[in-house]
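Heads up, the next two complexes both have chain A, just with different partners, chain B and then chain C.
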Partner chain A sequence: MPEHTDRASDWMKGDGPFSDVVMSSRVRLARNLAGFPFLSKTSATQRREIACACRDHLMDSGIAESMLWVDLPDSSEMDRQILVERHLISRQHAKGGEPRGVAIALDESVSVMVNEEDHLRIGVLRSGMQLDDGFAHANQIDDLLEQRAGYAYSSRFGYLTACPTNVGSGIRISVMLHLPALVMTGEIEKVKQAANDMHLAVRGFHGEGTEATGDLYQISNQTTLGRTEQEMLADFQREIIPKVIEYEHAARQAMADRRTYLLDDRIHRAQGVLTSARLLSSSEALALLSHLRLGVSMGRIADIELGLINELILLTQPAHLQRIAGGRLDGEQRREFRAEFVRRRLTGG
Partner chain B sequence: MPEHTDRASDWMKGDGPFSDVVMSSRVRLARNLAGFPFLSKTSATQRREIACACRDHLMDSGIAESMLWVDLPDSSEMDRQILVERHLISRQHAKGGEPRGVAIALDESVSVMVNEEDHLRIGVLRSGMQLDDGFAHANQIDDLLEQRAGYAYSSRFGYLTACPTNVGSGIRISVMLHLPALVMTGEIEKVKQAANDMHLAVRGFHGEGTEATGDLYQISNQTTLGRTEQEMLADFQREIIPKVIEYEHAARQAMADRRTYLLDDRIHRAQGVLTSARLLSSSEALALLSHLRLGVSMGRIADIELGLINELILLTQPAHLQRIAGGRLDGEQRREFRAEFVRRRLTGG
Partner chain C sequence: MKCDKCDQPATVHLIEIVNGKKIEKHLCEKHAVEEGVTVKMTAAPINDLLEKFVMKQTGEAETVERQACESCGLTWDQFRKRGLLGCPGCYRVFADQLMPLLERAHEGSNQHVGKAPRCAGAGELRQQRLMQLRRELDQAVAAEQYERAAALRDEVDHLEQDDT
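Coming up: the complex of A and B.
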């Protein structure tokens, strides 16, 4: 397990470019080893062989300065949940009993899932808007692994993947955006519609199948075939995301100019409740932290760092909270502990 | 108009007996002049005669050290609304164009409505649980007026009143109670049921036809015939109200013992929102002030006086708020001004 689960890793700290709107950038490559079938067609023995081979390549190849291997069937449910909350593994990957695992760079900027939907899913994470940098890093890891492991590749289709939507480059680019003003003005619906028209997926904080809570939206490509990685990356880095950032900025300015009291009401109430509540559910905490984050981003709340808010968004999730508390807590106890934890952190008490 | 509408009169200050639960006590006597029909049967000329006669008696009789006469058709809508909010006239009395008025003692402990439903409605108000004292004072005024004015009285029925429910003693005893813990535990329904079984009326903060907001309930007798004033007074002073106070105290203790976090959550959130919101509706303000009042009454919030909260309950009402602001405000402006006013008063800023 990562060493410091009581704090945020660097890429979560919100100090990257455009961090007032962009929480994080992620590049993910789906790859499969040559000489093995896709996971749905493998025997138990083959799955074990794939897991071992991938682990060995990952741990030996100098992919990152130091990689940590987490064997998931051997891990506790709480540990797996912590990895989900830190966006180091998917919710699907946390489940099931098959041989599977994840290799994580010590700074948590890289996580490679083994035997998730594909044999390998290389994920690189960055703070703020840093897709180019993330892509370069993902490519570097990919090249090293390809040299050692050998990938399933077709000269006609490109990289072969379990799901046809990933065939080709196997790339998924996704950006986590904080869009509270677009939510307040209702314009978020137009953004979602535009994203759908461009065949982009708009998801919530926890990825596939989750609702957007805390005004956090993850925008990602849905298909890979027919466009090069560079084209897709350029779309995201220079067209799509800058456009959304521009819309969010315009909505913030419009709120500040024309609905000042409503804006400040949301922001200051959030701070008021976060620093006074004695019971806080995770969804309410996230919703309030979102409004507080808006206030800090817009300079309407002083003396609170964006990094602290990002950290609280991470640490107020159930598994992290219980890790900090040092033991299992039921729902009621979590709401009590969460309220106290947030209050203490925000008031410095 | 009363002189200091930017603050609470003494009886609203919440420093009377059992003020943790009892906001105020009120004794009201309905009386009609002999020699005139009830108001529904009078000509315009007669109504004018009644209004003049009552006013003269009230202003001359040394009823209070100093009485103020307010001619209601001559008053602005805002002034009349202020009197309603201060519980010095009824909502019905604020309406209509007929000759009517109210005589108010300078300390606002007495208000005598002229030409409301009856020719005279003598009201005496006290802080906390002081029905005996209020009743004695009402009687004293009643005797003075009776000597001068002469009342419609039947040796069989007692005092004659426009509505049969008031015939006899013409008395209505009512007590304004703050019952937040009974609301939180849901036991308020049992109290309301018991009150109904005893033929008592349970009403909201603004009397007849209003919903209970801010956990404020007004309990009063519904009928007068067949029981002496002393019997009814004894029921209220020594049986009914002490029982309700006991229930509320028990509910508060039960919350403190068994649902401590929930109780403190409500109390501290109320304080948090009241001191941070930038927009506050009157109903939200009242609901939050109620929870803050509970916290102060129970000693769970320090450095805030009960009197200040009672004052804010009064002053955050629309007409008072506009009087303080010095001019008409629309709904949005009132919510802005109310939030700022409450925040300033509670934080001493």
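Coming up: the complex of A and C.
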């Protein structure tokens, strides 16, 4: 398990470019080993063989100074949940007993899922808007792995993946955005519509199939065939994400100019509740932290770091909270502990 | 076959899976447009794509359903239910059927243009051979034919060494 589950990963620190709007950038590459079926058609033996081969390739390739391998079937449910909350594995990958695992760089900037939907899912995470850097790193890991593992590839369809929607470059570029002002002004619907027209997916904080909570939206590409990685990156880096950032900035400015009291009320009310509530559910905490984050990034609240809020967004999730408490808590106990924890961290107590 | 809604011949045959039940619709051009089944779709999630997959009648729909990949045994029908292919070979076996699906999912494209592995091309045949060997190896182990398994294992190792 990652060592410091009581604090945020580096990529969540909130110090990257455009961190007032962009929480994190992620690049993921889907790959499969040549000579094996995809996972829906593997025997138990083959599955184990793939897991072992991938683990060896990952641990021996010099991907990071220090790599951690987590064997998921042997891990506790709590540990797996921690990995999900830290965005190091998908929800789907946390389930089931078949041989599978994840290799994680010590700074958590890299996580490679083994035997998820594909044999390999190489993931790189960065704080703020750092897609070029994230892709360069993912690409380098891919090169290192390719020297050891032969990939399933065809010149016609590119990197072959279990689901045809990922075939080709196998790349998924995602940017996690904090868009509270677009939500408050109702303009967020236009963003969703535009994203849809551009063949982009818009998902919530927890990825596939989740609603956006805490005004957090993840925008990612769906097309992987017929366009180069560089073209896709350039779109995100120079067109799509800057437009959304600009839009959110305009909405923030409009709120500040025309709905000053409403804006400040939301922000300070959030601060008030977070620093005095005695019970907090995880969704309420996330919604309030979102408004507080808006206040901090607009300079309307002093003395609180963006990094602290990002950290609280992570640590107030159920598994992290219980890890900090040092044991299992039921729903009621969690709400109580969460309120106390948030209060303490925000008031410096 | 006549259209479900009028006497015109049906040219569009739609199979939808709703709550696990298969519902078939046969429509003429006009009613197909009215039903919205022939409109150009934007990139939709794969399951959506598959459920709404419109198959023009070619008379070989039945055989396509039952056609299986010789490497992994996956049938087109199984793919349509789960949305996942069984092995790299499936892309070759089902290339014709996959084409319209790929084009819809990838903004009209069906040809890769991005990154390629350094040793691309030469490996494709060997990949197929490796998969075949591994399958035989699995069967040999299952049947407790250990001598045969050992021989197959050697051959796999040999081929793999060539790979790197």
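Definition applied: the second predicted complex is superposed on the first by the 349 of 349 C-alpha atoms of A that agree within 3 Å, B and C clash if a C-alpha of one lies under 4 Å from a C-alpha of the other, contacts with A are read in each partner's own complex, and residues count from 1 in each chain.
To be clear about the criterion, contacts are C-beta pairs under 8 Å (C-beta built on N, C-alpha and C of every residue); 3 or more make two chains touch, one makes a residue touch a chain.
Just so you know, these numbers come straight off a predicted model, no measurement behind them.
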Touching partner for A:Glu77 - first (chain B), second (chain C), both, neither: neither
Which superposed partner A:Tyr261 touches (first chain B, second chain C, both, neither): first
Contacts of A:Ala277 with chain B and chain C, given as first, second, both or neither: first
Partner chain(s) touched by A:Thr165 [first = chain B, second = chain C, both, neither]: second
Partner chain in contact with A:Gln222 - chain B first, chain C second, else both or neither: second
Partner chain(s) touched by A:Arg269 [first = chain B, second = chain C, both, neither]: first
Which of chain B and chain C A:Asp6 touches, first, second, both or neither: neither
Chain B versus chain C, judged by how many residues of chain A each one touches: C
On chain A, the residue positions that both chain B and chain C contact, one per complex: none
For the chain B and chain A complex, residues of the former touching the latter: 261-262, 264-265, 268-269, 271-273, 275-279, 332, 335-336, 339
Residue ranges of chain C in contact with chain A within the complex: 42-43, 45-46, 71-74, 82-88, 90-92, 95, 98, 101-102, 105-121, 123-124, 126-127, 130-131, 133-134, 138, 141, 156, 159-160, 163-164
Chain C-touching residues of chain A, taken from the complex the two chains share: 32, 34-38, 40-41, 43, 45-46, 117, 139, 142, 146-148, 150-160, 162-165, 167-169, 171, 196-197, 199, 222-229
